[in-house]
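Have a look at the structure that comes next, please.
Naming follows writing order (A, B, C and D), and every chain is counted from residue 1.
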Amino acid sequence: MTILVVLSCVGLLLALPVAAIGIGARFTANSVIYGLAMVACLASLAAALGHLLADTGLVPAVTLPLGLPWLGAHFRLDALSAFFLAVVDLGGAAASLYGLGYGRHETAPRRVLPFFPVFVAGMQLVVLADDAFTFLFSWEFMSLASWALVIADHHERDNVRAGYVYLVMASFGTAALLLAFGLLAGPDGGYGFAAIRAASHSPASASLVLALLLLGAGSKAGLVPLHVWLPLAHPAAPSHVSALMSGVMTKVAIYAFVRVVFDLLGEPQWWWSMPVLALGGITAVLGVLYALMQHDLKRLLAYHTVENIGIIYIGLGLALAFRAEGLPAVAALALTAALFHVLNHMTFKSLLFFGAGAVLTVTGERDMEHLGGLIHRMPATAFAFLIGCAAISALPPFNGFVSEWLTFQAVLQGPKLALWGPKLLVPSVGALLALSAALAAGCFVKAFGVTFLSRPRSTAAATACDVDRFSLATMLLLALLCLLAGILPGLVIDTWGPVVGNLVGQRMPVQSVEPWLTIIPVAAGRSSYNGLLVFLFIAWAALTAAQVIHRWASHAMRRGPAWDCGYPDASPLTQYSASGFAQPIRRVFGSVVFRATEEVDMPPPGDTGPARLTVMVHDLVWATFYEPVARAIGILADRLNAFQYLTIRKYLSFVFVALVVLLLALELWL
Amino acid sequence: MTVVPSDAETLVLLIPLAAAAVLALLPGYRVTAWLNMLASLLTLAVVVALFIQPRPAPSHYLLIDDVNIVFILLNSFVGFTTSVFSASYIGHELHTGRLTPVYLRFYHAMYQVLMFAMNLALVSNNIGLMWVAIEIATLTTVLMVGIYRTHQAIEAAWKYFILGSVGIALALFGTILVYKAAQPVVGEGLDGMVWTVLMANVAHFDAATLNVAFIFLLLGYGTKVGLVPLHAWLPDAHSEGPTPISAVLSGLLLNVALFAVLRFKLLLAANPQAIMPGPLMVILGLTSVLFASLMLYRRRDIKRLFAYSSIEHMGIITFAFGMGGALANFAALLHMTMHSLTKSAIFFAVGHVSQVKGTQKIADIRGLTETHPVLGWGLVLGVFAIAGLPPLGIFTSEFLVVTSTFAREPLLAVALVVGLVVALGGLLLQLNGVAFGPPSAGTARSEASYLPLFAHLALVCAAGVYLPPALVAWFQHVAGRLG
Amino acid sequence: MALVVDLLTQGLQLILVLALAPLLTGFVRKVKARLLRRQGPSVWQPYRDLLRLARKEVVLAENASWLFRTAPYLIFAATWAAAALVPTFASGLIFSWTADLIAIIALLGSARFFLALAGMDVGTAFGGIGSSREAMIASVAEPAILMMVFTVALVAGSSQLSTVARFMGSPEVGLRVSIGLALFALFIVALAENARIPVDNPATHLELTMVHEAMVLEYSGRHLAVIEVASSLKLLLYVSLIGCIFVPWGMAASGAGIADYALGLALYLAKIVVLALGLALFESAIAKMRVFRVPQFVGAALMLGLLGTLLLFF
Amino acid sequence: MDKIVFDIAHLLAGSILLVSFMMLYQDRLSALLNLFALHAVLLALSVAWQAHVHAAPHLYVTAMIALFFKALFIPLALHRIVVRLNIHRQIETVVGVGLTMMLGMGLAALAMLLMVRITPDSDLLGREDLGFALATVMLGLLLMVTRRNAVSQVIGFMSLENGTILAATGAKGMPMVVEISVAFSILIAFIVIGVFLFRIRERFDTVDLQALDQFRGEQG
């Protein structure tokens, strides 16, 4: 029953494009599409949550006579699917609500409206699919729909290029998954997940599947070095789609990884955790370092997605390590942390992209160097964005902190591991995680500080006003979710106890029964955290302090000019810019990671011309992995292109040579 | 001859032949265009009847079995839709002065001759007759390719002609060798060339003769399939001829040639001492995929672009047939069907595009989705279909080819996948410019009918989501017979 | 009844850290002055400063937003919460499980986050320079201290400070290299986090060298007072942390008698005095570093922390 | 049957191959045409002999086609073209004659080796006949790919085709040989007419394929 509700929601979403094309009036179409999409998402969300909370152990499944007829399209809603479906639906509903307002500013709604619901439906189908064909079909379909959204603004050259890189990378990922499922299904084509689960896989082929999954799911999720498309494509789409892509679609990729590695492949081998952990750690740190180098707000957020994917993969890697060594309780902790981060990242990344979208709508600017001071003109947006920043920077009492804290708790269980490889890797990855968290905080100081604080750097920023109420409502709701999940984490993580239980054989202790809603991952003596008390105390202390001082000391206030060192009326350009802010960090980390160089072009003494500072940042990942491939294809294409311009005689000689070679082969080998 | 044959298998041949004769005599392109459509429709109807009715017993010359009826059906269907497209398309060529009424008459007559030749090749139970049919098809298409009489067209036709003739000669030598191999077993005379007889006795044939024969046949008919390195005629012939002919070439003629290769593959596979024909086909197929996918990047002519894409897809189909096995054969059949539908749809779209933009140069076609949303998105959909993206049919067949191969020959599957991704990259790179970005000049409405284009796309799309179980069962049955 | 006592002890801890914080600052200043052969202000001077600041009118920069005005209270609250969660004279207080050491570090991170934002708000070059440098230092210091936390947590089998303190006070600890490394790392990070020499100079107003002072440059009146309290609290927190982890002797366990509490309190004060003396001595003996030497300095702490952690895995 | 029957057939087939080699060696166009005429005459003789031996009168048609069409009409027509076009008498070969000859030897050896293995139950001579045919086909193809001139390519193609006809007639009782040879003749006629037409329409200044190649696609 549940699954039928969910599938009919998918059906509704799939039918919406027809309506989008049919309804001529732009305003109505916008309201109808996003309204209905939101309704569908909410209905599906209710069904998924209901299924997850009821935890009856029943797994509704349905087979539709679609796709390969001898196989059918299998759909199944187990706890894992339900959890990710809830994440997709929540993100989809939020994006739809936001779209109700944001979509009205769209210049070419016909390039957005038909694809938006289809994109959401594609993601829902991926998490529901229960056979390889349906899964890959939905997976690629999802990519395709999002591609259309990425190039919605196709007059921008960069967008089309971003869409190109994206779709090629997506197909690369799909190809890897295709091979993985080919291996899993075996030569007889046992494509159903049930068949795959039941089959036994040799260690070698299972390891190959893991490698292919890291390529396939990793490229969609944005694992370094497969992330390059992500910071191009995510910002190019309309902002609510960026939110979906960053916040939700990457999670669907995580789902694919979890589904195959934790569910379909059976018991992990001891070393599997190592590549996952290493990639996760590298991704987390590199993602945030890249983000720090950006001054395009949306691109910065996209790079942060890369970082957070790294954090999630660290959690998954830990879970694999513990599970492989027969420590299901700790594995449950790590997996819970990873899943919590999945949910958290969805909320705050959507929130942040919505914020960036709001800024983009009212100022037309994504470049932070042209923004500033928006907190005065967009206070509500600024407030919500600030909470998002705090949450993504893993600051208590918000939700981002709790999931990272749980991950740290899992890292601290590292000594329980017996094998040297994972054992040594775990603390190192812990260090990388800590590093990325610290850098993220710095990065969001920059993002918020340069965009919303300080003085406006352009007239667009100086004359902005706050956005429509739909957008604001979405952002504030998500901000509330960030807070609630941060202060009541016990209630939240209990929701997916069954998911974890199914995947690693044991679930975390039930948290909601602890006093004061504390979360105690392992034992009370080891570690505990109570977001509620922290929040209440901070609120109480701040309010009391303010009250006491205002009551007993002074509340007088006067506005005056800022300290100007004796140079009044300084131009806003004298403020710290986004790249200026990142300069110290670039110096510390960038010289190694990005081969960043700074060149100062100082005019000779007496010359009044300006000095120039040129900063060169190289993307080593692009240079190492992609450029050679692109160049090789280019060279090959050029070389082979000569074959288009040969004489007939030469073409004939190909035929001749082919004949002689084959006949010779026949003569020599037989 | 006064005897009117009543059986449908002869009608399949007679209708196009008669139509060709009539069309060659009638002036006035509107009437001939309609007649052309009508004849194609009639053929299609007969083929459907043929499909439904029980299989007739094979004669010395003609044979309808479960395998070739699939090809015939596909052939007649695409032949019909193309004639619909052609009817609305070719008038424009007359208006722009690219064709004269005389040539138009010739064009329509040749169209039916081509249909006849292809059907003959498919229904023939005689490897000699099949050879003759394919030769006729070659000659016909050579004339059609050169019909615009521009330098480029004549050059393309000439190239096609020479390469095709050499291919044909090699195929004939192979055919003679097959007869030589059969002669000691089945005796002299006609029986030595009858396919069903050959199949029944092939196990006792001399394997060494068959081996040499197969190499000649593979290269001979492979030239017509457009397998690399025998492909050189294909891109030029596609780009210089009239667009409906490009659609027929890509969608049908290549299949017919492939069918010929397939027949001899079956023959060899049934002889235990002969070489395995599969690996040869796999190698040629893979070479074609990799080569053609790289060639996509530097194309400047839109029709030539899709011609290379045809080479790529014929490579995939050959690869899959070469791999063999029920799943791969099924995938190959499905892929062939989907490719025929999609590629002809793409050529329809390209025909529209070149009419509205007045050029075939990719660099001069820009932002199509903006100036011609329906056409532009139709083309985008077609390219996505051909690139193997869901929800379109080729995704299914590529899924099956790759997954079934990977479990057996991982390295081959990886190579194939590399080819597929590279090809997607190339196609998309070109599509990006054509369909998106600021539009180029040329906002005239297309006068030709969109119906065939979207009918094909709708079929491909529907097949991507839902394959009727009856069709699948049928294909599986055929795939099983293909070994 | 026990609950009331527990609550009272917890309350005492809260008030104690708040009350002691300015004193510690004053004491360090006094000792440093004496080491430089100056008379120096009274140890009570910080209290007077705070009172005066609190009574003064706030002069707000024209561009300052609501964030600028609320940030001091948030910073103060977060720091206070963190400081109150570090066991001082007694372990196992009623709310000690609210947050473990990782959360305490993160709370300090929250405070720093808002401080850095406040520095950016007015839109002057100074605020930016301060925030930017703070972000750089924090990006190394925070992982360093987390590594220290890992070391300690792995030794004690817990990241809960009460448990850690109990464990470190027990004889089963023994002498471990890792703990020494952790102490060293914590000391370096404490210097960096509290804007002490050689990382930053709490007394400087020379623009190009300052970090912390640059961020709070635009603050005045009660806002500045609150921020000053917060930084004093932070210093106290680190001192208490070192005391709690590395010299946890004499700390009263939960449910202990009055005498134990008194002893714990006395010993706590003694620990503060000793550590403050050490800090003053160190600061007097060393010179301020260039800004870009700082990451190397703090990075050394990160490496030590990581080494300490890795050693524990062997 | 008499051994002499096979010997004659064998001798004729061998002569055809020999002429193929001579064509490979010949680098003057008119001489090449004459040699081809000889090639065709030998083929006609061979076919006629087969017709006589196997009592297959329809093969006489093939022989007639070979004699009149290929040995007389085509060489004459090509001669006219060569004269009309006034194309250089010297054939531009791509690789040196020596090398071509060595390649030709190799090909012939390969053809023999391949054919000797097959049909072990039939006699050696029959196998050698087939080998000669295969070698003729290969040499024809070699001729096509080593000559730049369209006329000599046409000749190469025709000698290739003669090889297939030789094989077809050598295959005892093969049906449709006549039809096939007719079909081929049409093909050849097309080619010749094509060469001829291009000249008449003055689209191409020479029949040298390099001129055609200027119009390879995508150069505009």
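We take it that contacts are C-beta pairs under 8 Å (C-beta built on N, C-alpha and C of every residue); 3 or more make two chains touch, one makes a residue touch a chain.
Keep in mind it's a predicted model, so treat the numbers as computed, not measured.
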item	value
Chain pair, A-D or A-C, that carries the greater number of C-beta contacts	A-C
Reference subunit B; chain at largest CA-centroid distance	C
Interchain centroid distance [CA atoms averaged], subunit A/subunit D, Å	69
Centre-of-Cα separation between subunit C and subunit B, whole angstrom	78
Rounded Å distance, subunit A centre to subunit C centre (Cα mean)	35
Approximate Å spacing (C-alpha centroids) for the pair subunit A, subunit B	44
Shared interface positions of subunit D, touching two or more other chains	114, 141, 144, 153, 212-213, 216-218
Set of subunit A residues in contact with two or more other chains	644, 646, 648, 652, 655, 659, 663, 666
Touching two or more other chains - residues of subunit B	158, 162, 166, 170, 208, 212, 235
Pairs of chains found to touch, sorted by chain label	A-B, A-C, A-D, B-D
Subunit B residues touching subunit A - in the complex, by the definition given at the top	158-159, 162-163, 166-167, 170, 208, 211-212, 215-216, 218-219, 223, 229-230, 232-233, 235, 275, 280, 291, 294-295, 297-298, 325, 327, 367, 369-370, 373, 384, 387, 389-391, 395-396, 399-400, 402-408, 410, 413-414, 417, 420-422, 424-426, 428-429, 432, 436-438, 464-469, 472-473, 476
Subunit A residues within the subunit D interface of the complex	644-650, 652-653, 655-656, 659-660, 663-664, 666-667
Parts of subunit D lying in touch with subunit A, wherever the complex brings them together	94, 107, 110, 113-114, 138, 141-142, 144-145, 147-148, 153, 209-210, 212-213, 216-219
Complex contacts: residues of subunit A adjacent to subunit C	372-373, 375-376, 379, 382, 386, 390, 393-396, 401, 405, 408-409, 411-412, 414-415, 423-424, 426-428, 430-431, 434-435, 437-439, 441-446, 448-450, 453-455, 518, 524-530, 533-534, 537-543, 545-546, 549-550, 553-565, 570, 572, 574-576, 580-585, 587-588
Subunit A to subunit B touching residues, read off their complex	65-70, 110, 132-133, 136-138, 140-141, 144, 151, 154-155, 157, 160-161, 163-164, 167-168, 171-172, 175, 178-179, 181-183, 185-189, 191, 633-634, 636-638, 640-641, 643-644, 646, 648, 651-652, 654-655, 657-659, 662-663, 666, 670
